[in-house]
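Per-chain residue numbering starts at 1, and chain names A, B, C and D are given in the order in which the chains are listed.
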Amino acid sequence: MNIIVEREKSLEALEQRIEDLRARSARQGGESSEDMRALEDRYAALQRDMFGHLTPWERVNMARHPRRPIASDYIARLDEFDELHGDRQFRDDPALVGGLGRLNGRRIVVLAQQKGRDTKENIRRNFGMVTPEGYRKARRLMELAGRFALPIVSFVDTSGADPGIASEERSQSEAIASCLLTLSRVPVPVVAAIIGEGGSGGALAIALADHVIMLEHSIYSVASPEGCAAILWADASRAEEAAARLKLTSDDLLGFGIVDEIVSEPLGGAHRDADRFVGRVLGTIDAALSHLSNVNRELLVERRRAKYRRIGAWQETSQRFASVAAR
Amino acid sequence: MNIIVEREKSLEALEQRIEDLRARSARQGGESSEDMRALEDRYAALQRDMFGHLTPWERVNMARHPRRPIASDYIARLDEFDELHGDRQFRDDPALVGGLGRLNGRRIVVLAQQKGRDTKENIRRNFGMVTPEGYRKARRLMELAGRFALPIVSFVDTSGADPGIASEERSQSEAIASCLLTLSRVPVPVVAAIIGEGGSGGALAIALADHVIMLEHSIYSVASPEGCAAILWADASRAEEAAARLKLTSDDLLGFGIVDEIVSEPLGGAHRDADRFVGRVLGTIDAALSHLSNVNRELLVERRRAKYRRIGAWQETSQRFASVAAR
Amino acid sequence: MPIPDWLRIRRDKQQNAEAAQWVKCPSCGELLYRRELEENSGVCTRCGHHFRLHAYDRINLLIDRDFVEVGAEILPRDPLSWSDRRPYLKKLESDREASHLSEAIVTGFAAIGTFPVALGVMDFGFRGGTMGTVVGERVTYLFEEATRRQLPCVIVTASGGARMEEGMLALMQMAKTTMAVDAHMRAGFPYIAVLTDPTTGGVSASFAFQADVIVAESRAAIGFAGRRVIEQTIRQKLPDNFQTAEFLLEKGHVDIVVSRPQLRATLIRLLDYLVDGRGPGRTLQAVPELAAQ
Amino acid sequence: MPIPDWLRIRRDKQQNAEAAQWVKCPSCGELLYRRELEENSGVCTRCGHHFRLHAYDRINLLIDRDFVEVGAEILPRDPLSWSDRRPYLKKLESDREASHLSEAIVTGFAAIGTFPVALGVMDFGFRGGTMGTVVGERVTYLFEEATRRQLPCVIVTASGGARMEEGMLALMQMAKTTMAVDAHMRAGFPYIAVLTDPTTGGVSASFAFQADVIVAESRAAIGFAGRRVIEQTIRQKLPDNFQTAEFLLEKGHVDIVVSRPQLRATLIRLLDYLVDGRGPGRTLQAVPELAAQ
């Protein structure tokens, strides 16, 4: 059950009543316009109440909304896209879509975690949970990008890396670790957009980037709220509480320096005005690429390193190497 | 049935008779020494007849002799050896043994196609037929060698790359092609020793080298004689004929510039004096490494390229680009 | 250099023959009118079966402007003095006559769309597309010239593997071509391989699978070991789709599978992504022979 | 810096306690005399079970000469103001007391055999060896110092993954440590990882599996997802050997599996292969603090 979807259902009843009233008033003349205004005001107020300020748990539900734009919605809006398949070894993973594309005329390499729109597609896409083969495909395309000086644009949307037996048997750890290593050195601009769920290491594997864009109601978390609750309290039902604690919202993460830019969403979420919104996100990506394309390649990697070097919160009791005279 | 083994059996009868005669003459005094000498002469003559000059097919049998030294016999004689396992992704292939070792004090990376000594071991080692995982392990270790400037020593002994369904499913082609690509650029000395069967692309994948050493009675062939006969004449039993045509002996290949050095074998084959012979092969490898270690890295790769660039036999009817004035 | 006479001869022959007006599709059995088949790039209009193409027909399908052939003067010898049913030299001769080709690959320069490229096209009709010295030498030379002229390389493969009749000299072409691919790659120029039916053995295990982008033609049989060898090894029949391009796509071995009528457009898009717009390889000046035309 | 007081304190405590004289092996149930167990490197003399080791005990097992600890002054904060059953800061405090460690990793310089190395040892006893900011910062700093001093790096991992209580700041340590590993690697110095029980999650998916050579301690549980998570996902019991070091060796994920008593000798041999004999990292001068002693 998605709480945002539930709210939308309750609003729908009201929408229907407004619609009916409108139709009746059109038939009978302007007499019921006061009822009408009252209803419309109530509707707007309800909307603001429901969506004006979202709690972390509400955002979790928004990030998982069944009509939220998914990777394919963004890819479909590129000037061009040619999917490149496979890790050259074992399998083509449909949960990680990669390829060559063109955004506002600029040639790019696309990496995207792809959920499905319906159950059938979701099963085929493994609900966006990437297997080692998917990460190995991603790594291969990162290297292709490096070789031909093409910037990398990644769309992040996964509850986490696939946790199945087969993925363990083919070393999910090594697959993710290798992606990170490759992104840490690839001498081209890397822009990541957290478009839905950014779940743990499985998300980070394609999100280590020069510029990380986060949609207002997306989440990006060290663990899924359910997973966190299960691990800490052996009680997955306390997910809402976990969501609040984990600081997984775009505001939190901008504050920590983990996210570089937020794209605000229309009232009620990205899916309320999907077409325009997708365009805005792509525009934001394009602007970031424009900016990064002017940076010299070595400096680019240097700055990327410096950016991640700073992230964290620790204290130092004394100077490092206090015990070492030589330094 | 191995024709060399059959001959050895027939010689054994004679050996037994000489042994018996010796024992009897020792009991009776020196009287039968003439018989003795005659027998011994016959024995020596037979040995020369049987092994003095081997046909290609006889060499094929020698290369497959069940007591011929295999990779583990060479590895056991290194100063040190630590096996490194796995392709980091899917499986550790027991048919391709790799690791770090020391030969006459020199640190090396070892790659070896490993047959078994008995049926059980042969099944475990897949008769020395390497799967894609084995080649991917080899490639990983080649890169390790490049990273730490360690020369590569490979022991080649396979009837060919594994031709099973599973190997096709995991792209045997890509695995071999990647090994070749890596060996073509790795900036460290590469010495390959063809110690038994050098079967096709599966052998070449670890045998693209600065210096290729071939044991006198080893074979190195574009296809197994059986395979060649099956392909060309749909008749695997014509393997002997194919062996003769394929020019797969050490002499032939030295002549073609495909092999750089031959280590001659004792009469009757390497297994007749295995211990000493293995030492001699290792000495030959060591000498090649000594020589190559003095070559500047860039020059090394340049020479490797130049060496393979020349191999082939073609004619040119006219100057290349006869139609192009600019050149 | 324009399309050579061989091709014209072959076509004339075909057009003269009455029987050649109709072709039976080996996949669905349909009788196809030859001209219609040719207009559909050699793809069965009923079931989509891809007929094998002659190298020059393939070149015609892919290129704009003319084809500047190079390496045609590199011709085979008989280093092993091979003879089985017939001497190797005789086999070469009859293949030359039957295929109107001098060897199993044609190499040269051309423009695909607006992109000048080094182009190699193999032909199964010559010794089963096997790689002997000449194929190795022509491929190597093509990559060297592509590197020198800063051009992308496109190779269309079709091969039964290494050529037995040249023994180890054939096998060594895997190493030789690899080193040329490597030099081209390290110089930073793109290489696109197009794998067509069939691509196996020494070709698949060397330059075919070393490309930056690997395109496979729909339904093509692609693998290391041949189907027959595997069936003999495992003593059972393989499933129909085993080693097909579509199977390989699922297994992650190739980037893209295309039906032949889409091939040219696909290559143009790929070149457009991979060729640096500012590089000298972008203009036809890289191949003066083309620019002059 | 010599072995810190914490360790001595812990040992004294243990030796004072009567009950601590005997330990029950969780694998075979045998009652083991503590001193004998310690002499056998914490490996059950009956069944070979590897007990988890305290970081300083591990350091003592591996090194020659002294241990120069660095990074000890890097200490945790509470960036998320986290509290569930207890506040994060309280949890840290009790872990400090129980483990006599300031965080889940100890980093510093030491000699293993004759090789000066940068050495990091994680401890499952502190917050389940989870990686928060401090682990990330200490590891990063260690690799940076190793690069600067041209030293090989040896990291002994033991971790339940990223630390929930530091949220995304914990996850980002995967990126931070990776970039330090990368710089060290590109400067050409060797990195050996020793994976011990358990190594999972954010640590296994970053620096644990980025090493040049990966050694795993016998029977250690190693994987990305934890056993419990997988069992919940698939709703069935996993086989006993799943995710063990031996299982991973067969699956090709790790280079070597060793029993703990062989670990030190194995590391010395590996360093001997990988450290350039002529490099500055070969002498103790790279760590003046060690050379001076």
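Here is the rule we use: a contact is a pair of C-beta atoms (placed from the backbone, for glycine too) under 8 Å apart; a residue touches a chain by one contact, two chains touch by 3 or more.
Since the model is a prediction, treat every value here as computed from it, not as a measurement.
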Contact-richer chain pair (by C-beta pairs counted) among B-D and A-D: A-D
Whole-Å separation of chain centres (CA-atom averages), chain B against chain D: 43
Geometric centre distance via CA averages, chain B-chain A, whole Å: 54
Inter-chain centre distance, chain A versus chain D - centres from mean C-alpha coordinates, in Å: 33
Where chain C and chain D are represented by their mean Cα positions, the distance between them in whole Å: 54
Chain D, residues touching no fewer than two other chains: 209, 251, 253
In chain A, residues with contacts to at least two other chains: 88-90, 170-171, 174
Chain contact graph, described as a line, ring, star, complete graph or other shape: other
Full enumeration of touching chain pairs: A-B, A-C, A-D, B-C, B-D
Residues on chain D engaged by chain A in the complex (per definition of touch): 1, 68, 70-71, 73-77, 79-80, 82-85, 133-134, 136-137, 140-141, 162-164, 166-176, 178-179, 181-183, 186, 201-202, 204-210, 222-225, 229-230, 232-234, 238, 242-243, 248, 251, 253, 288-289
Complex interface listing, chain D residues touching chain B: 188, 190, 209, 212-214, 249-256, 266, 269-270, 272-274, 276
Chain A residues touching chain C - in the complex, by the definition given at the top: 80, 82-93, 100, 102, 107, 133, 137, 144, 147-150
Touching residues (chain side chain A, partner chain D) in the complex: 161, 163-165, 167-174, 176-178, 180-181, 184-185, 200-201, 204-205, 208, 220-223, 227-228, 230-233, 241, 245-248, 252-253, 256, 258, 304-305, 308-309, 311-324, 326
Chain B-facing residues of chain A, complex: 88-90, 132, 136, 170-171, 174-175
